[in-house]
Amino acid sequence: MKNSKMYLSTETMNLGFVRKVEALSGSSVRRCFQCGKCSAGCPMRTFMEHPPNRIVRLLQLGQWERVLAGRSIWYCASCETCSTRCPNKVDLAAIMDALRKLSWDANGPSKESYVQLANRLFIENIKTYGRQYEMRLAAVFNIKSGQFMKDFLLGPKLLTKGKLKVFHQKNRNIGEIEQIFSRIEEMRKKGEAP
Amino acid sequence: MKNVLNYSYYPGCSLHASAKEYDESTKGVFKALRIGLNEVPDWFCCGATPAHNVDELLSLSLCAKNLSLADNVEGDLAVACAACFSRLKTAQHRLTENDIKRKQVETAIAGAVSLEKPVKHLLEILAKDYGLDRLADAVKKPLNGLKVATYYGCLLTRPPDVPELDCCEAPTIMENVIAATGAEPVAWSHRLECCGANFTLSRPGVVLNLSNAILASAKRAGADCIMVACPLCHGNLDIRQKEIEEANGTRYGMPVFYMTQLLGLAVGVPAGKLGLDSMIVNPLPLLKEKGLV
Amino acid sequence: MHAEKQKHDFEPKIVAFVCTWCTYAGADLAGTSRMQYPSNVRVLKFPCTGRIDPVFILRAFQRGADGVLVSGCHPGDCHYMAGNLHARRRFAAFRGLLDFVGVDLNRLQFSWVSAAEGGKWVDVVTELTERIRAMGPMEEFKALETEECWSGALATPELQEAYKAI
Amino acid sequence: MSRIGVFVCHCGENISRTVDVERVAAEIGKLPGVALATDYKYMCSDPGQGLLKKAVAEHKLDGLVVAACSPRMHEKTFRNAAKAAGLNPFLCEMANIREHCSWVHEDREEATAKAIDIVRLMVERVKKDKALQPITVPITKRALVIGGGIAGIQAALDIADCGHQVLLVEREPSIGGHMAQLSETFPTLDCSQCIMTPKMVDVANHPNIKLYTWSEIEHVDGYIGNFQVTIRKKARSVDMDKCTGCGICMAKCPQKNIKSKFDCGLGTRPAIYVPFPQAVPNTPVIDRENCTYFKSGKCGVCAKVCGPGAVDYDQQDELITEPVGAIVVATGFELYSIAEKPKGSSIKGYGEFGHGTIPDVIDGMTFERLASASGPTGGKILRPSDGREPKQVVFVQCVGSRAREKGISYCSKVCCMYTAKHTMLYKHKVHDGQAYVFFMDARTPGKSYDEFWRRAVEEEEAVYIRGMVSRLYQKGDKIVVMGSDVLVGVQVEIEADLVVLATAVQPRQGADSLAQKLGISYDTYNFYSEAHAKLKPVECATAGIYLAGACQGPKDIPDTVSQASAAAAKVMTLFSRDQLEREPIVARVNERNCVACFSCKKVCPYGAVEEKEIRDRQGNLIRVVAYVNPGVCGGCGTCQATCPSKSVELDGYTDEQVMAMIEAL
């Protein structure tokens, strides 16, 4: 699909999607004039198939499938270099957040599963324990991603340095976190929140 | 002088685990400088990058919850971790500006959003509230001769309108703080580049690549060590340094200190209370060479 | 992106007293730039905000205005050098009087809009309209209207008579 | 009963698209006193005006309302039409239903209702309108030109050649402005100084031009045809009448290492100096901040070596007041600086480009000085840091321009062309060097302009990279340029020896305070505003003041010269008459009501209020009243709003007229 011809018409340009991105990110997409300064400074550019400026260009043309199908959005490191230097105040980091959310809600049509998995586990950890426990996060990530040997040598080293907590407990007030999660879910069910 | 500075404290998840030496040394330095530090009880994870990556509302709600918990503790909120600092500040900023989001968050946390409490990074507290002159006066063992590459990373100063810590492109606050101890900050090119951050778990290859450039730049500038103010940066530059060296066929042996570890040495916190033994790249040869331990 | 057109129960009447050099020109610029704003405002043009007599504002309220906007050049930019500064002083005193007689000061707004600030004009008008809409109609002065009978003319026989007597 | 005619214009579709003009005419026709209400496609057209004239005669109209565009657009047109129809022009008013209605509202119902209101208000006003007679004032046929760059020089020469006296005021010690600093000019690559200096000499020798260099405008009073300008002639410390321009003072001055502003800090000059050898006048100035004599009281070498004894350390600033009839403002531009800007300024510098701390990152004007044969390097391209010849030069366009995040969203217009020129000049001087240009768009409209740019790419082999630069940093003696090529979609990194930034064109510092002195308007960037973007591009909204050159917006030399000549033509049009008719919007005092409190006199910004004595036939003083001099009154009306006894009336904006409108709300 990457190089297939774009047939542009009001039907093929999903501008509703673009408006959703603009509403979620609070940043205009149309304002971008494709100077490429974002791509010039992006530390993750070499890992992406579409450079950041092209993501915005595809959005301007309403090509949401091309945007979400790629792994570019999942390789954004949220370092905000693009947003900081954009001559047009396009908050590309926020647009990336919005795109990831939309992809996430659509159950991730994107190809980048590792980053998604890590994010999912991170959030699940918050929901369960209230805080982050890196040991658990890493272990579960390795099991779920099937990379049992990943960072195998680092683990013991960190353990001896006291950097990994093997035992952890839930926050005393963990109920409050659970409620935050359930209230957000409820709002979304009622269509009161994005 | 009487102890006038008093802060509530949000350490963040990492400071209770992989960055416990940051926590330990922060407490040590604040005690030595007679600055009060009271940890917010029962704080939650701020959501860090993964939460805002896919769910802004969750991210804002977690931060708002933490801010309201912090309201119960006296004093401006001191934050050590650059990522937590960035999230909490961003939440304050967004929620002040956007009524719709604020209402959603108020529903989510079932309470009012409180945005008044100033959120301050340790650097700001030391450089502005405590003051560079006082800091210099408090130095017992000057770090003379130590060349330090001050590494800001991405989150400490960005985006430009939010952290208000320093100029986002040409900050000087870290240099000013470390120069107060007598150490010599080096001019180097990669102090604001990204280290790969949270890809350390999902895509470590990215980190090996980006962090290598940072280490190389620090080496090129003639630095003895790197100073950071963020556990993620520390994780990538210190814990993965050996891997980076192997992957790139180089050798750095560059100790990566938390800012409070170096400050602690200077203001006379006993070396044993700074968690120096927790560092993966052993700093002792360097410190011995410079006569600092 | 056009906002959905909403129908409201109450459409306030807003009167804007503006100077011809800055704010009137700024409103013209909003027009030539095809910006959109609520249609509630009626613009009265003056050479300068310095010409605007507080009586006009009172009368506008009596004649059914729910909100009044007075807008001129930024301080220092007055076409007549200092007219807007005199206006500023005058209205600072006048606000106190208006407050005293019980007019909610939120109904009266002063602003500086230059000839280059079409966008600001739109913002000021939109915000004021929304605010007044939320406040509801201005009833306080309409009652007085029936008792008031100033014709606006100065050369009335009564006045003539009075001056002769001086 | 009035007989008012109302004409509602469709303005093609501009009004009728959202306003139901027929309904407006029908509703207004029902108002008492309206004798005729009709609509027409284009009221401003010849047939439209004809319709109006015919109606005045046919319906015996005594007042007109034209509901169309803004009065700022066509009030004059319709008032002239009214006059031609035999009606006093001040009985004709415009109701603005285009800019204030049809263009800003979408809902047809709402817009029509509003249009009816707007027209109704105007009808009520016209009922109270009074016939006014124009006021005539004499014209002082002398012009003031502010700024001695190419714009000011051109305007001054044109006006002077026409036989009128011109005062040319320049802030710097010499005229010449930026054009004197340039090396060669696009698209012909002729030497800037070669075409500029003869013009400067013409100014110096012109019998009709009075030159005030090292001078600034202190204060401006009056109005079109009758301005009083106060000029501050700063102390030069050198007597211009005695100095022969021999230059020995400069040669002997012991203070030699002051950075030359003219050479963008690349070269040095003494404390007593002319900015450049071809300066006009060729009389030096003592820079008191850096002069040893002024700092310590010792030295005095220049005075000792000066044969004619022209050096005068005791000279003081002088204030000179001159009457003029017209003013041409030609204050030009300056380049945006990437250095950190003070807090509170809406314009930010470029931290990502080092905030100006990397010595081999320079701006376009500095490159001009490097390339200029009369520059500090004698025309050799050498790096400021170590004097080496750069082999890889990176040019970056749109630095500050088109960057709303930095506070400027406009295009600076000249950078595309001068960057192309720079790549050529560089290639001509460094044959084995390579020029790279990061650009967003190449904007080269103009005669032979696009061909020029293409020549830079195709023949001079400049590598143009379509993309921007994220960051610059020093690495050893190189500057690393982190850019991207959006056409290929990859990042680009170049290790450059020299980086040239095409920084934005901004108005001069202090442009706003000069505008406040002149009473002219300026935009958010401090560029001066013309009266109409298309039809009055050189006039200010303030009558008698005209604009030339980059003070009005970024411009290249040909555009600047054209505008300067246009401004001069406007001045000459004004001077072709002996008297001027001006709008009779002036204040009048009702002497019977005046209680002589003189509150009006206190607030009048023009000093137009005088104290008038009223005497009886025997000459005994009865009382004193206020009197407004109609020649001086500017027509702001502040006196009227201030008068406690309501004894002043501003014609055209009387209480009666205003109240009529408020009553009709």
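As written, the chains take the letters A, B, C and D, and residue 1 is the first residue of each chain.
Everything that follows uses one rule, which is that contacts are C-beta pairs under 8 Å (C-beta built on N, C-alpha and C of every residue); 3 or more make two chains touch, one makes a residue touch a chain.
The shown structure was predicted, so the numbers you read here are calculated from the model rather than taken from an experiment.
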| item | value |
| --- | --- |
| Closest chain to the centre of mass proxy, which here is the mean CA position | D |
| Centre-to-centre distance between chain D and chain C (centres being mean Cα positions), rounded to whole Å | 31 |
| Whole-Å separation of chain centres (CA-atom averages), chain A against chain B | 23 |
| Approximate Å spacing (C-alpha centroids) for the pair chain B, chain C | 53 |
| Geometric centre distance via CA averages, chain D-chain A, whole Å | 49 |
| Overlap residues in chain D, where contacts from two or more other chains coincide | 352 |
| For chain B, residues that touch 2 or more chains besides their own | 168-169 |
| Complete list of chain pairs which touch one another | A-B, A-D, B-D, C-D |
| Of chain B, residues touching chain D in the complex | 167-170, 189, 220 |
| Complex contact set, residues of chain C against chain D | 2, 5, 13, 15, 20-22, 24-25, 27-28, 30-32, 34-37, 39, 42-48, 50-54, 56, 59-60, 63-65, 73, 76-83, 86-87, 90, 114-117, 122, 152-154, 163 |
| Chain A-touching residues of chain B, taken from the complex the two chains share | 13-14, 16-20, 42-45, 47-58, 61-62, 65, 94, 98, 104, 107-110, 154-155, 158-160, 168-169, 193-194, 196-199, 201-204, 206, 209-210, 239-240, 277-280 |
| Of chain D, residues touching chain B in the complex | 340, 350-352, 354-355, 473-475, 480 |
| Chain D-facing residues of chain A, complex | 33-42, 45-46, 50-51, 53-54, 81, 85-89 |
